[in-house]
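Structures for review follow.
In the two assemblies presented below, chain A is common to both, partnered first by chain B and then by chain C.
For the complex of A and B:
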């Protein structure tokens, strides 16, 4: 590295090459992408004019003035919001706890054996293929309308997301401490715990903080389909076209989510 | 006693890393293995503790067959064999103590090591291992905060914590500066003398091999081409093992006093 400049200073006598022309492949890919976008826009009825005309929709007048009396009454917003948080916390803690062993089983580096890897991977792929909102609808119907159904749906969602993120982190972990732990004669699971776990644990904490962030937002949406919490309040107000109240609720949620994101960012920066 | 009986190792892809190697190493010997990179030094050590499976032949450690053994049987062989690595292979994000306790994994129930409930006796063994390499004061420091030489000492302590009868060292000083290299080699020599642990070390610096080795084994293209007393070794021997003339790059330093920075 250090001696590179001295090499360059040597008069080599070679002619400086011309900048190579744009590759045909690059042009074709760009053109293909553009054509696909235009086609998709036509098919989906995309209209730039809507961005102007939408503002004349009388719906917007219903957002203002915000009904602060409603929003600031704790029974209307704060209490359901606390419930939303409780759903998010329970789902994050249980989901992330379950994800810990499952992630180690689903990493090429740490899986105890090939069959375990294949089975766990297939099951997780199936779970992840279910849209989380659909999962919520099904579970709320199957378990019960309200917070519990929502919490179960989010637990499964947390598990799926974290296993995906964390198992990939484990895949890219340094295999050498594991080799050292296996060389001492330790069992596979003990060697993984001693040689890999300490190296990936900070990433686990960081990913879990991110999953909590996702869960706070998702728990709002899950309330819309009967999962309890603030989502249920939003859905009820929407049915009565009380957008003045919804806007107030959204502002409160925005502030809280922003604060949580800051905290989760801080945690991630500290541990990574 | 360690016995290699016509051991061959062929990697997937057809590389013959070891060809028909036979040798016997008595208890308490201090053996240095030299050869160019790719000559099979690393494979020889890793075949001995089963990290690399031998393709054919027989390897016995104190009478126990390593080739083809697995599960509890293989773990029992490994438990007696400490290993030190070129790149230390520590879990860098945890304490020195936790790294040394790794050497006790095979002797402690998994639930205990998993939860960190190490028995007092095993902690004591770990402390003694750290004392032996002179870094007990760093016991609760994060491994990544140590210098290279200190990290390698943790690696040695981890191997010692196994209370092994055999110690394997795969290029233990290749990542260290010359001064630290000598200190680590002296540590290994001292441990061999004081504890009588059979020691096998891969080295590529010939002056280190000559200074610390007692028995020298030379590998070339996976074949055993030299096995003898270090006193009988001269530059001609090294030339035959390496298949080329010796260059300054093959030496850590011209002599003990002339230490090249950065090696």
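For the complex of A and C:
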């Protein structure tokens, strides 16, 4: 009965929740993050002045006017750009084809045996931890300067990415068809083929389209480290400070990448 | 939530009847198209048979030459400091991007602002995202000079594009009940955003920030290749002198760095999305789980 007066004071019957007190832990975390940010910014050369000097830098004049004669010349931009796409296509096709069996090995649901699962998984985790361009630098030095080294690097990269995405899809697949197939006495590979594959294949196609998108973007920059394609042109022009040409190239890349992304998005929506 | 219900419930993703398989002709056509594209791509790369034959041998030689990794020399050259520099670049870039993208994300969401505000900001995100970080870094190198600061700025701008897109997508999925309540009690537009939307969506946005930080760590490891600071510079100079033992040592350091950051950041991300066990209701956690689910799709 002692509660009755307070109920009357709150006509809706709801008790206003108390504002949670500021905890010491919250303050400490915030302070820690702030300290980390200040330290990191100092170490990476933070200057307030640079926000002003960025805009007043005389170099901006070098970006304008765009050298359209250079950019629209077929040999300078279009041909390397075509090579860029060829690298992306080759790397995507090989990488995605390799990823199909590896993904099934790397999912707990469909792996043939425990050791395979552990080995494949750890190898793939390590490969994925290597940034794509570092791999490209090493492979270009190891194999050859030009498109070949770049294509190998991107193949490894797309394999690692697709395996991760696709094996997670397989993990979440319905295990019952697989159990049914195994119960009828099917071999492991046949059971996986009949019991899991049909369910996850659309996701494979969708993820492959996404990997292609990543590869298109990566193949643009892979030339900066000697991997062939349009990046090589950008790197060469950068060394001569021809930013007017670079800006033109970037505009062309922008238009094409945007178009590819739209197409890939469309395919993904159609399939999924 | 009894066990009987659990067993009869369809597992996630299979609730709808799958569409009938496509016809055989369609499949053959797709296979032929892929084969043709591959042949066209391959023919353009100018790969000689000789190159192809020698490649496995070359790669094997490099692998043999790089064992055992020579940590002593690279550590003497200050590689550990450069690893940390890479992490600092990534962190600074992420903070810049977070500060830039948070207000922009709200201004790009269809449940916050009218169409004429939203569309241009959306377009801005698309334009920024179209340029790879490394290309932006080459431009910033020209403007602020060689060094980590160019990398941090490039990451800041590039990440602001992706973070803006992801955050505004999350903001658009939020239930609008609280905003209506604030409107009904006479609150201003800003109060609606601050008290109606932000508390619902902030954990997800922070998770996006952390996820982008993980990507940025990989990106900043690359920046050194073009002189924008961090560990990448060490890799490219060791590769140029063909000191393969040193290359492997640096590469292993990069791998350890990336895996460590991924581990820590991933754990924090999951903790943030799951919410504290004390304060969040099951419904809330389920919502966050759904929103967070789309994060894993973007993992690369």
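Remarks
Here is the rule we use: the second predicted complex is superposed on the first by the 219 of 272 C-alpha atoms of A that agree within 3 Å, B and C clash if a C-alpha of one lies under 4 Å from a C-alpha of the other, contacts with A are read in each partner's own complex, and residues count from 1 in each chain.
FYI, contacts are C-beta pairs under 8 Å (C-beta built on N, C-alpha and C of every residue); 3 or more make two chains touch, one makes a residue touch a chain.
Since the model is a prediction, treat every value here as computed from it, not as a measurement.
Judged by the touch definition given at the top, the superposed model places A:190 against chain B, while chain C stays out of reach. Contacts of A:86 after superposition on the shared chain: chain C is touched, whereas chain B is not. Of the two partner chains, chain C is the only one that A:151 touches; chain B does not reach it. In the superposed pair of complexes, A:36 makes contact with chain C only, with no contact to chain B. In the superposition on chain A, contact of A:73 is made with neither chain B nor chain C. Touch criterion met: A:180 reaches chain B, while chain C stays clear of it. When chain A is checked against chain B and against chain C, the one touching more of its residues turns out to be C. By the document's definition of touching, both partners, chain B and chain C, reach A:199.
In the superposed model, A:217 makes contact with chain C only, not with chain B.
Within chain A, the residues touching chain B in one complex and chain C in the other are 198-199.
By the touch criterion stated above, chain B contacts chain A in their complex at residues 49, 51, 74-83, 85, 87, 89-94, 98, 101-106, 110, 113-114, 155, 158-159, 162.
Touching chain C in their complex are the following residues of chain A: 20, 36-37, 39-41, 43-47, 50, 53-54, 57, 59-60, 62, 82-83, 85-90, 93, 125-126, 129-134, 137-139, 141-144, 146-148, 151-152, 161, 164-165, 168, 172-174, 198-199, 214, 217-218, 220-221, 224-225, 228, 234, 238, 241, 243, 246, 250, 253-254, 257-258, 261. Only residues 11-14, 18, 21, 34, 37-38, 40-42, 44-47, 51, 55, 58-59, 61-62, 84-85, 87-89, 91-92, 95, 126-127, 130-132, 134-135, 138-140, 142-144, 147-149, 151-153, 218-219, 221-222, 225-226, 229, 232, 235-236, 239, 242, 247, 251, 254-255, 258-259, 262, 279, 296-297, 299-300 of chain C touch chain A when the two sit together in their complex. Residue ranges on chain A touching chain B, taken from their complex, read 176-177, 179-187, 189-191, 193-196, 198-199, 201-202.
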